[in-house]
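In structure tokens below, several structures.
Shared chain: subunit A. Partners: subunit B in the first complex, subunit C in the second.
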Partner chain A sequence: MTKRRMFLRMITASLLRRRSRMLIALLSIGIGATILAGLVTIYVDVPRQMGAQFRSFGANMLILSDDEKGMSKDQMDKALEGIPADQLVGAAPYRYIRVDMTTRQQSFTSAGTDFDQITKTSPYFSVEGRYPENPREVLVGKEIAETIGIREGSDMELTWQPAAGNAEGDPSEDRKPGAVLSGSAEGWSGGTVYVTVKLDDSSRIASLTIDAGTQTPEIGGLAQTDEAFSRQFVGKTLPLTPGEDVDALSGATITSTAVVEALNTARSTQDTVAAKTVKYTVTGILTTGGEEESYVFMSLEDMAGLTGSDIVDVAELSVSASAEELEAYAEQITGNVDGVRARLVKRVTRSETAVLGKLQSLVFLVTAVVLILTMICVSTTMMAVVSERRREIGLRKALGASDGSIRTEFLGEGMFLGLLGGVLGAILGFAFAQVVSVNVFDSSITFQPLLLPAAVIVSMGVAALSCLQPIKRAVAIDPAIVLKDE
Partner chain B sequence: MSLLELKNVSKIYGDLKALDNVNVHVDKGEWVAIMGPSGSGKSTMMNIIGCMDKPTLGEVLLDGVDIAKENSKKLTDIRRDKIGLIFQQFHMVNYLTAVENVMVSQYYHSMPDEQEALEALGRVGLRERAHHLPSQLSGGEQQRVCVARALINHPELILADEPTGNLDEANENIVLDLFAQLHAEGTTLIVVTHDPEVADAAQRTIVLEHGKVAREVINEHFDEQQKLWLARLNAENKG
Partner chain C sequence: MLFRMIRGVLFHQKGKMLLIAFTIALGASLATGMLNVMMDVGDKVNQELKNYGANIVVKPKDSSLLADIYDVGESGEELNTAWLNESDLGKIKTIFWAFNIVDFAPLLDAQTELPDGSTVKLNGSWFNHHLSLPTGEELDAGVVGMRSWWDITEGRWLDEKDENAGEEIMAGATIAREQGWKAGDRVVLKASKGQKTVTVSGVYDAGGDEDEQIFGTLALVQELTGREGKVASVEVSAITTPDNELARRAAKNPAALSGRDYETWYCTAYVSAICYQIQEAIPGSVASAVRKVAEGEGAVLEKTQLLMILITALSLIGSALGISNLVTASVMERAKEIGLLKAIGARDHSITGIIMTEIMVTALLGGVAGYFLGFGFAQLIGRSVFGAAVEMKPAVIPVVAALVAAVTLAGSLPAIRTVLRLRPAEVLHGGH
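Our next item is the complex of A and B:
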């Protein structure tokens, strides 16, 4: 039998056959390790946990266009690629326009957005009713709702008026390759027909959408839905002559002519689009406590339908990341995506960082206190163990144990306890952290694989440190005590 | 040839002279008893011979080395290498089995060898009880384990402090038989006792009084005793 095996045999015998005594030491190390492992788990997990909590305070990053014209959806999507998908809680695009409610002689700000994303970036939005789900549905801010006395389920007719003075000059000037033009003309019975047309590289019509407005649905209204009618425009060059370049819808010559006329007078959406009126259904009233209460929210698609363009003014992002990470992402997006810049909502990120910092220092402090308490506890227990085993230590010395042997044996016992306590602590500590997390943060923790070795090393270290003083005392025991009659 | 020699050894605690100019000489292979009433200096002398204490004055030559001049580390080495200790209170490691207790002595000395430890236990008649804890052994059995432990490393000197003080007569005889056997094998034995019967088993008795050697008594019947003992042992073996 090797000395090492005998050493292990003695240590395990000491721990196993003196169970009740050693259980106390093990318990103190184990409890210490449990609390430590738990706190460290929480410490590591707190940013994630709290990050998720903070996300309910709203967006912490904005993506803006470099110029006043706004950015395209493509640009926004490209910018979003700069943020890891698992950290991106939500990204809500916004476009703001002025709309008129002519029936009430009121004018509001309308925000086009993506309602699915809004629920993620602005979870504090409170909606009475529901978010719009279908085309031509709007969500109305509480302030507006109260001013004009509108309720969930009401209809609301909104007019978008392009800025005055833009329609000057010849429409042909706007027919540049790739341009998007929109226009309107009077059709049957005073109703307005709207068109939006996209030109290809040779300035021919690539696609068009027709909004027949209030034209009789079964007759003129077919201009909007009859594909054969709209398809014949594709590939043609503006201006067009009614009846020559395109065939009229049967029985709807006036509407068909109005479509051609609208096309011929269509102007670039950048500066000239005809005013357009669309009727919307109110699905809910929005309460936020902020300026959003004076907005009318509609989907970006509806807003594109109203204005003929699908640009985005700003995207509000909710990102679960540290302040440093956020800054890095913002810098990267600003640098890598053309025409777009990212900005942090400092008010939110700063308070997050401050709260996290305080919370982490609190956990750190508690961890340090627990560490010290554990050390005192283990040290006291080991001290008691040493005085209880004075005779045995004296005997070992009398049998020829050197000071080094006594040291190694007690350190060995202490470290063995530390090992057991560490394993116990890592397991119980994870459970403890899990309970805290579920109760406080309402979410579960993923087990950190590093926790086990870390807990074991720390508790072995603590056990070793705690043993120093008791060992000193053990070494000082006089072997002659075994000779005295007691 | 002398194994141990105390020359003018004194141990002084303040005003008290525990040992006062003591001269003692023990030959290799000799069996010596040290007697004396409480406070006569027996324990002090035992501590000094056992390398657990140093005299205030004088020389203590153990196998030619003056242990009075060595530091405690060296004393530990000498004690481990040359001396086998047996105590009145038995002193076993209470969470180790009989064989493990014997192996502890091997562990500090050189290499633990369970087989050898079991053989030593067999020699003291405890082969069957080798895997019992001290709490499962009687006092006599514990002391026999201690004898096995003391002889496992083949020490030059076995130093026993009241080895039979806590034993009944039957066990006392077993232990004394073991001593006789060790003596026959050439081991030097120093037995501190106040039991005249135990002292009578030795070749020579040194009587201490007030820290001084009062007298030395030679056991004239020792050779006869050994012969009788051998005859009895042979008879037992044959029987």
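Our next item is the complex of A and C:
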């Protein structure tokens, strides 16, 4: 016990007495440990932090419906559960439909989406103006805007027509009991007539709505408002023959024939929606340099209002994860969630893996080189500090200290310095890593708890190793010579 | 006398001086290596980012949008009336920033009919098209470089150097599976202006829409559609500088810039400046940035550079402290010698002069050795990470020289001062 206390006293006394030199040694170990702790923390955190930057390249995973009909929002949300929330940067649902701008005789693709999510999954979208925030607002691609001369603040009337009557196969297949069918046909002077019909339990017409669309109210429009005309269809079985099964509306024969034709070609729709025209306000013009420039973007809610159905064609996901993790998520989603499958956007995931891999090995090599050089620097300084004490070693030896006890004492001193320097360095290093992280990536870094013992062990090891050589030399020499200072 | 004393120290205390020189060499090599890597990392990472494909798309001015907006299939071809000339493409490599154009590939597409009546989109492009430019430069451009993410699941890349490259196609994984095509199969393609039997040279997995399409040489598509010498668009991959406020202003309207701003913008590799120059070089073209790629590149590049700057700063501080620490230690160690010199009547300033000269000579030797060592480290990093040498920046030399000089001075002067303040008798007696 007393021996140990004496040992401790000798170490602390020597450290205190020789303050300036020990300070130098401590400083150099501290620098080494700071660099070690700082760089290793950065190295460990780089994939996560850099990965987040790579999300600027857009979505890296798609969730698609198994069939043509699209998926429900519930299905999409269920699929998203398969991805840890902290890795999911954003998930933008998309639904694509064709819309007509009848006033300009143009037809566009319209994408229904969630604008809050778009800013996360597609940060490269550049909007002149602002994203739509309120109902009935749209964002228009630059190409469309240039073609039809639309600007921020303009109004745009868009029409959606259900894809009825165009489906392949025989319309009679759809005439099942209780089915809802809708169809359209060309009416008077190029206008279109839309019908929606509900069948009863024995496949007869139960109710009927007629939308004369853009036709003049005085002529074709009558078909829409004349109750007697529409009532005569009730109870009849499709297909109908014009003039035999139903009487034409006086003064609107063509429209009447069109209604019958629309009924005969009507196909089943999930929802009973006829063509609908809605007026939207343009809040911004979108530039991307890609095909998005030829789309009209609106919120999913607006699109549901226009089409009467609430489905999603595809969800674009931006996930901050490695290629292997992404593949595992995709497989799991495809396997576990009914009706959807997940696919990776190879162009993004592949390139990301390649570039991120290079960046990581860059930081790794830099860290390794810096560490090795720093450690050598630390040990040369330690060596200089220790070899200066050859006289002291000689004196102790002359007084009868054994080689072993001298070695233990000096090593103990070195390792004590290593411990202090290591703790100091780990704290400073973390502070440095934090500064880097906040400046470069605008986010705080995760503290690696293992790094503290690691930094301490490495600094103690380096300190001990660099003491070893000078002590060995001093011990080996005859004390008389050392003391005489030759 | 001074010279002899210095030489004496350098040769007789070889061990100690070597240790100092060694540490300075390490510190200098760290500084050199990191500075070189830091200055070159932008270019290197930028090159890697070319994996993401084109960041500029060139289209004819009056192109039609129509074909893009209406996916009208065959009739769409008739709508597209504007074309770029294949012969103009070489001009892309003659612009001011020609050196930054990494690769490019023209595209001309056509709907083709297969014998079973189904239609498939055929893209005509360059694969490894050899170009000899008027500037004397030689390069291979095409989709081999522009579609680096393709997996060739079967067969091989179409090689334009083959004689019958014009009778070969590459098929996407999906269409190949649907049609049961294998590498080497022969397929009849029918388009608006003729038909041809071609061989499937390879099947690729692109992980996107292109899996449902096929790729052939530009000449093949030109022949099948009767559009000799025409291309519909060009994808260009260029190394660019991340956009700043000036670039954003210029992108809207270059003409609105002041003369000086315009010059700065034109002579910086902003994506908008390169687009502008391509438009100047190819008459009747519109070049636009693919924001998805350009923005992502900007973000990644900026962050990498910033990260490297901070790591470099840390290692510079580390090596500076390391060097000055050791120099201080070595001066302290020589307290006795300094005391002796003082005792025999040497003046303070001449002692300082002698010791400083010794240390500076050592530092010079160490610094020079360190510079070359550090350059070696930079090359090691460059070769193993990017597979390319790191460019030797002359600007690094003065920075490292100044750093070593300043650090050595800062490490030795205060220490010498401290030692000089001691009383010779005390020092010589061996006190502390």
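Here, the second predicted complex is superposed on the first by the 358 of 486 C-alpha atoms of A that agree within 3 Å, B and C clash if a C-alpha of one lies under 4 Å from a C-alpha of the other, contacts with A are read in each partner's own complex, and residues count from 1 in each chain.
Operating definition for what follows: a residue touches a chain if its C-beta (ideal position, glycine included) is under 8 Å from a C-beta of that chain, and two chains touch if they have at least 3 such contacts.
In this text, all values refer to a predicted model and were calculated from it rather than measured experimentally.
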First, second, both or neither for A:476, with subunit B first and subunit C second: neither
Touched partner set for A:328, first subunit B, second subunit C, both or neither: neither
Contacts of A:400 with subunit B and subunit C, given as first, second, both or neither: first
Contacts of A:392 with subunit B and subunit C, given as first, second, both or neither: first
Partner chain in contact with A:3 - subunit B first, subunit C second, else both or neither: first
Which of subunit B and subunit C A:147 touches, first, second, both or neither: second
Subunit B or subunit C, by number of subunit A residues touched: C
Shared subunit A surface residues [contacts with subunit B and with subunit C]: 17-18, 391, 485
Complex contact set, residues of subunit A against subunit B: 1-3, 5-7, 9-10, 13-14, 17-18, 391-392, 395-403, 405, 478-480, 482-486
Complex contacts: residues of subunit B adjacent to subunit A: 43, 46-47, 50, 52-53, 73, 76-77, 79-81, 85, 87-89, 91-96, 100, 103-109, 111-114, 133, 149, 161-162
Subunit C-facing residues of subunit A, complex: 17-18, 20-21, 24-25, 27-28, 31-32, 34-35, 38-39, 42, 46, 49-50, 53-54, 56-58, 107-109, 122-126, 143-144, 147, 287-291, 294, 343-351, 354-355, 358-359, 361-363, 365-366, 369-370, 373-374, 376-378, 380-381, 383-385, 387-388, 391, 432, 435-436, 439-441, 485
Subunit A-facing residues of subunit C, complex: 16, 19, 22-23, 26-27, 29-30, 33-34, 37, 41, 45, 48-49, 51-53, 57, 65, 68-70, 148-149, 151, 205-208, 288-296, 298-300, 303-304, 306-308, 310-311, 314-315, 318-319, 321-323, 325-326, 328-330, 332-333, 336, 377, 380-381, 384-386, 418, 430, 432
